[in-house]
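First chain written, first letter: the chains are A, B, C and D, and each begins at residue 1.
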């Protein structure tokens, strides 16, 4: 029988051996890979737990002082991670015990290993979701700015990659901003899910120790307590939602990138992105490869898989650990990847320039006004639309749209007149465009303000907790 | 050159051949498979379009009367679907033209084929999402009722499928109700996304015809207009969300089913579901197979794939049809499958009975109180928790927990006393349980009320639209 | 207690109620939706089981005759499917019992309900996989024919949708044929997995009845017996593989479609697909929408989800039914969808025409020869490649590649000379192209021959089985 | 305009700016994260390219000597990775140019950046796939050894987690070995796909430089050349297959883990895994949590997502980089994760012990022999099976199976007799078991031998290449 490494087990009531190397490799090292993500949050969770037990008189004064002091020290250190000694909770307990002896044993009072992990995970996610919201809002901001710059720039709308009708570059750009702003809303709701404290839940449904869930939540700066204790500890629906929303946001950016890739070809020549988003070829001297767009597209595909994986992992009974074991790294990684992608998409949006001459030419050459002409015929003659359509269809087949031949006013062939008529809400005429640009700008501003307020509140809560712990670690009386 | 079938093409300006059999098989038949889903919605969308154009004077009075009459007739018919003539829009136009000639040609005025499809899809989804919300709410209702019935029934809580701590069957049941109620919230937000009208958008950004987006939305009973016209027609983020939420809800039901499967084994013997949810074996006379639970588990896995597929399909440029071509069937099918699964899960929850004797015995035999004993030692002696844990660990290793030997009060070994101490918010003691049951009941009631109100409003809007059309089809003056 | 419908249960030893409506809706109707797929296979499996038991003397002669006769009758009928009476096995047993009484009871001898289902499923898959192989082979065939037609047609190769180097349309086309031929190989291996008989396995590991696994396999025309009985009945790895391969094949077709969509735009103007694969717009008279390509792309995305779903469903314990309950419909549906897509892709490949003039112009305008020029400089001067590249890069930046100025032979600017130099194996020069075209043609021919042989063998086996049953049903002596 | 960092661009013909920070963060750092994976392979690919160009006289002798020497030096170094200078190819070229000036420029002769990457990726995958094959073979080995140890140990077979029929622990164990051995076959075919050289392909279809594809393949120890040059560089079907197979193998291990989790509960008590695969709880002194099983289950779910993500990313046009940009890390990571999981699964299989007494008792208490009894009745009386089944069903309902009352021989109730009758191929009787154990052992042995041979061959090829380069770097004459 292999002796367990010192500190790996507690009393070892029912387990008497150290971990198999295969378990260290596949299990503990997997968990420890998340240590950089979780380490500080573990420290904060431990501080809050100790403070609450201290406030409610469950820990002797001297033990409390020693514990808080040791935890504060640990907060500034990187714990050397070695899977042979177990996971992060094991390693931290081992270090604390070496430093302050049995006083370290209070950390497990009324609290399973997983609770500190859940809290640390939510703290880490809170930051990451805020950064993702900021990145999506910046992407929307870039799109809205582009829409404002090109509000009146004639542009061909495509369906099936075939010229459809006249539009403006601004209207096209805004069609990506609206989904991005819905992404912001979704992610803020995800934040609200994350921002609930599972702390003070006991093993499953409370404890004989005098826990105080509201106080733990307050100390850690959570907006509220996740009510049902078992649900609070094991719930994963919000994680599935979060990764799915990261994938949806990245897919929106990927869709924008696919349009850019097409419109930036020499053949289309409608748009151009900056040199700083392209790369040269090592072999072909004439190349200017829009590398950023490939990064966006591949990233979206990768995130779609992350979303499927997190969801597939949730098909499991309750209370089984496998449903959350991988989630820490997978979900955090997905949110971070999405944030990097959205920042890149924002850079792309910011760098887009339009070739207005080419765009106008494509509107003309692509018979984009054919529909307007048919509409003009129908409107001026009272003939049904299908009959007018057929007449125009024949003209297009002959290769030319001629106002006189078709018996209509020349303005029917004027793209500017066409756009001026697009006055329905959400349309391309200046008035609905201005209304939409204003609406989107307000939403972007509000989202960015929220990210700043939220970051600041988080920092303040953390400072206060550390300050409280510091004062507790120095107090001469409990 | 194959002659196109009569009515397949309009003027055939640029296309002069009928569809290849491979395209009929893979394309039009795929679309027509959704005809039962979309047919009525197409009819309503056409009525609303015609009425609005009529109200704004764009259609001559006689044409309008003929058109409304023919559309009303068609509303009551099942259009025979034959892919050789194209999709549902083609087939409907063909029938209308056969019946009322060129007056049918007004339907395409200011409106591409896809707009009626989008509206019909949203109308169909509206109903389906309401039914899914109702099914999830009923599932939550069954869980809450079970929780109320078994509020005080001692039950072992398991982690890793190993006995952990004492709980109640009611607390365990409620841990599935909370996620289900979050599913309800999510799905109602999805409903709000669905309940926006894309109508009156023109081809991409308006039209020269006098469209009226607000009036179209009102006639079809939509809560609001989806603002940006291009976004309104092509957006899919809400569909990804909806399928993902259907999968999350089904995964919650599957998790409940996995617990049931375990607890209903003869070996665990803690629970029992009704005969009406089981099936016999054709070979083995002694079997009582919990078939419903397999249906729930496999269904969740299937829906996870649907969610991945809808998302994968969205990685595409804008305005390309492929992103919505399959969505009609896939998303509707997923929502319907989820509703069937949740109704089955509700039936399972409703049929659960608890073997309280076996449950209490497992609490005892599984040393579920070991943690409480260690807590009692720590609380009564002031020793740190880890030390107390070690002492109890040794006692468990010897196979018995003895209050006297451990120097604690006998109540530490009383499960009822343990549960009575679980008074934290969300805990298993009667007070927090009653609070949670009340909160959940209120949420269920409000959700079910919403489904009724929403169904009724939908019916009313449809009746009014048909009535308006009927009066328009009869009016002697435009 | 609800009375079970007549015939739903056997002795009802442990189940005394009919199925709940929720179970009928979510379970039995789900299974019965597969009835068209499985019905004939069930009949054949039942015939083979009865014949083997008869041959080995386990069924009395009169019972055997009655049973075979009734099974043959049933083989020609569509069983009316009503979920209230259970699944297909239940319904068949019910019908047989009504017709021949207790002789029907022999069908369950040594055989659980699931065995006939597994056999029927494999028989159905066998046909579908053969059709998918045929479709992929036809797609490869179309690509190879295109490659042969356009073996020498100068064409720009693109990376990042930017012109890279000169190639031929034939070389580009062949780059899709190779993956398709690997799809054929993969699918034929999947067929080999499918073509193993799970028959005669008993409930789990044999039976007291004198089963004969080899004889069952022979009667049903399977190539071999799936050895381990429990594995034979429950294995799903081949199904995951099959759906994944259907998705990979469809993704290959989708990739081809994405290239076509780009090259068929007016802006690129390099290729054209047939009118019979396009559709008109109802609104825009000038449109010619490549509808087939959208069908291909969306289909691939949908199949990616099917693959994820089947795999996600397999994360389950052994022997649990949920892992195969949905597979029948999901896997068969996926293989069929893939076959439809590949047939459409073959039609696309067959219809492609190349605009050689535009292609040659793009090679020139896109500076596709820049690399060749740099190579020529390096080869003729002995300067390292990067230096030559830099010189050419500067020339491109100035907008012109001039042989004299760069001090090279004019042939460096001749695309034909460039292509003639591509003589490495797999390259674009005529010799390697001819070698590859020959290799691919041979592979296509062999694949199509295999599909014919396999279809014929399957038909023969089925005829023989029915003939044997017919003779058994008539024989006066057992 | 931001100055590009020194060495980032070549001549910068069409790009004149350094990369945006967002591109460095999302693009280059993503690529550089794979540097540890690819670095050595890049070095080997560069050596082979230089040697072949040297052998065919394309590089001047002095340049060749300098280049080989510098490449050999670099082979032993870790290139410090800094995304501001681009990807690994950029960084290597920069270092080489600093050291040997323009001689470094030969590395790009006839070769785009991506070719070295593709080669390095395949070299890295080769090793990883071999290790995964070894891990799966060891898992199968452990299962076969368990099957041999427990060949005759009576065990209940479960379906729906309900006792079905008698089996042996050995037969149950072998039912996981067969799928694992099919995983081995699949992965070896994937290896064959990986083991083809894309080298010497030129930019897309050859080059004016005298490339030699067979020689490059030989130098790098590839089994063969991937024929079609464009396919060779861009193909991804084998990667999709590989990740899918990694997921399937992990799902097989997860299924085994799910069975273990159930059978290792105190309630079932049939099996036990070693302490070294479990962990203690920090809170609950009595717990013995089978942590390894949670690692296996969650790992399978995670890999299912990886598979979906790689496939989703492939839905893209040809020649677009996004389809391979993420694949390097995703596919390698998936294969490595699967190998870790399979090694853990092997450790689990190796540690399983069976509680034969409990198992026998469950067979008895679970009426596992009910089917055998019904079979005995049918066989001895000639009554059809359903009638016998009904009789036994009634007996079970009364709670006892009594041979006398049922009028059968007592041996019908003897599990050993039942098992002895399971003599069909693949059955549980000793003869078919021995045959299967022998067959599986041979397959395991052959698989492990292959991994050793393959590892050795790979090492030899690499040594020879380095030796050849060393001699080239020293040679006084070219």
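Just so it is clear, a contact is a pair of C-beta atoms (placed from the backbone, for glycine too) under 8 Å apart; a residue touches a chain by one contact, two chains touch by 3 or more.
Keep in mind that what you see is a predicted model, and the values were worked out from it rather than measured.
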item: Count of contact steps on the shortest path from chain A to chain C; value: 1
item: Pair exhibiting more inter-chain C-beta contacts, B-D or A-D; value: A-D
item: Farthest-lying chain, centroid of Cα atoms versus that of chain C; value: A
item: Chain C-chain D separation of Cα centroids, rounded to whole Å; value: 24
item: Distance from chain D to chain B - Cα centre to Cα centre, in angstrom; value: 36
item: Chain A and chain D, separation of their C-alpha mean positions in angstrom; value: 31
item: Residues within chain B bordering two or more other chains; value: 10-14, 93, 108, 110, 159-161, 164-165, 203, 262, 281, 283-289, 291, 293-294, 297, 301, 304-305, 307-308, 311-312, 314-316, 320-321, 371, 389-390, 392-393, 396
item: Topology of the chain contact graph, where touching chains are joined (line, ring, star, complete, other); value: complete
item: Chain C-touching residues of chain D, taken from the complex the two chains share; value: 10-14, 58, 60, 63, 93, 102-110, 157-161, 164-165, 167, 171-172, 174-176, 178-179, 182-183, 186, 189, 193, 200-209, 211-214, 225-232, 234-235, 237-238, 240-241, 244-245, 247-248, 251-252, 254-256, 258-259, 262, 297, 300-301, 304-305, 307-308, 311-312, 314-321, 371-372, 375-376, 378-379, 382-387, 389-394, 396-397, 418-419, 421-429, 432, 436, 439
item: Residue numbers on chain B that touch chain C, as the complex places them; value: 2, 9-20, 22-23, 25-27, 30, 86, 89, 93, 108, 110-113, 203, 274-289, 291-299, 301-316, 320-323, 325-326, 330, 340-341, 343-344, 346-347
item: Footprint of chain A on chain C - complex, ascending; value: 159-165, 261-262, 264-269, 281, 283-291, 293-294, 308, 311-312, 315-316, 362, 365-368, 370-371, 374, 389-390, 392-393, 396
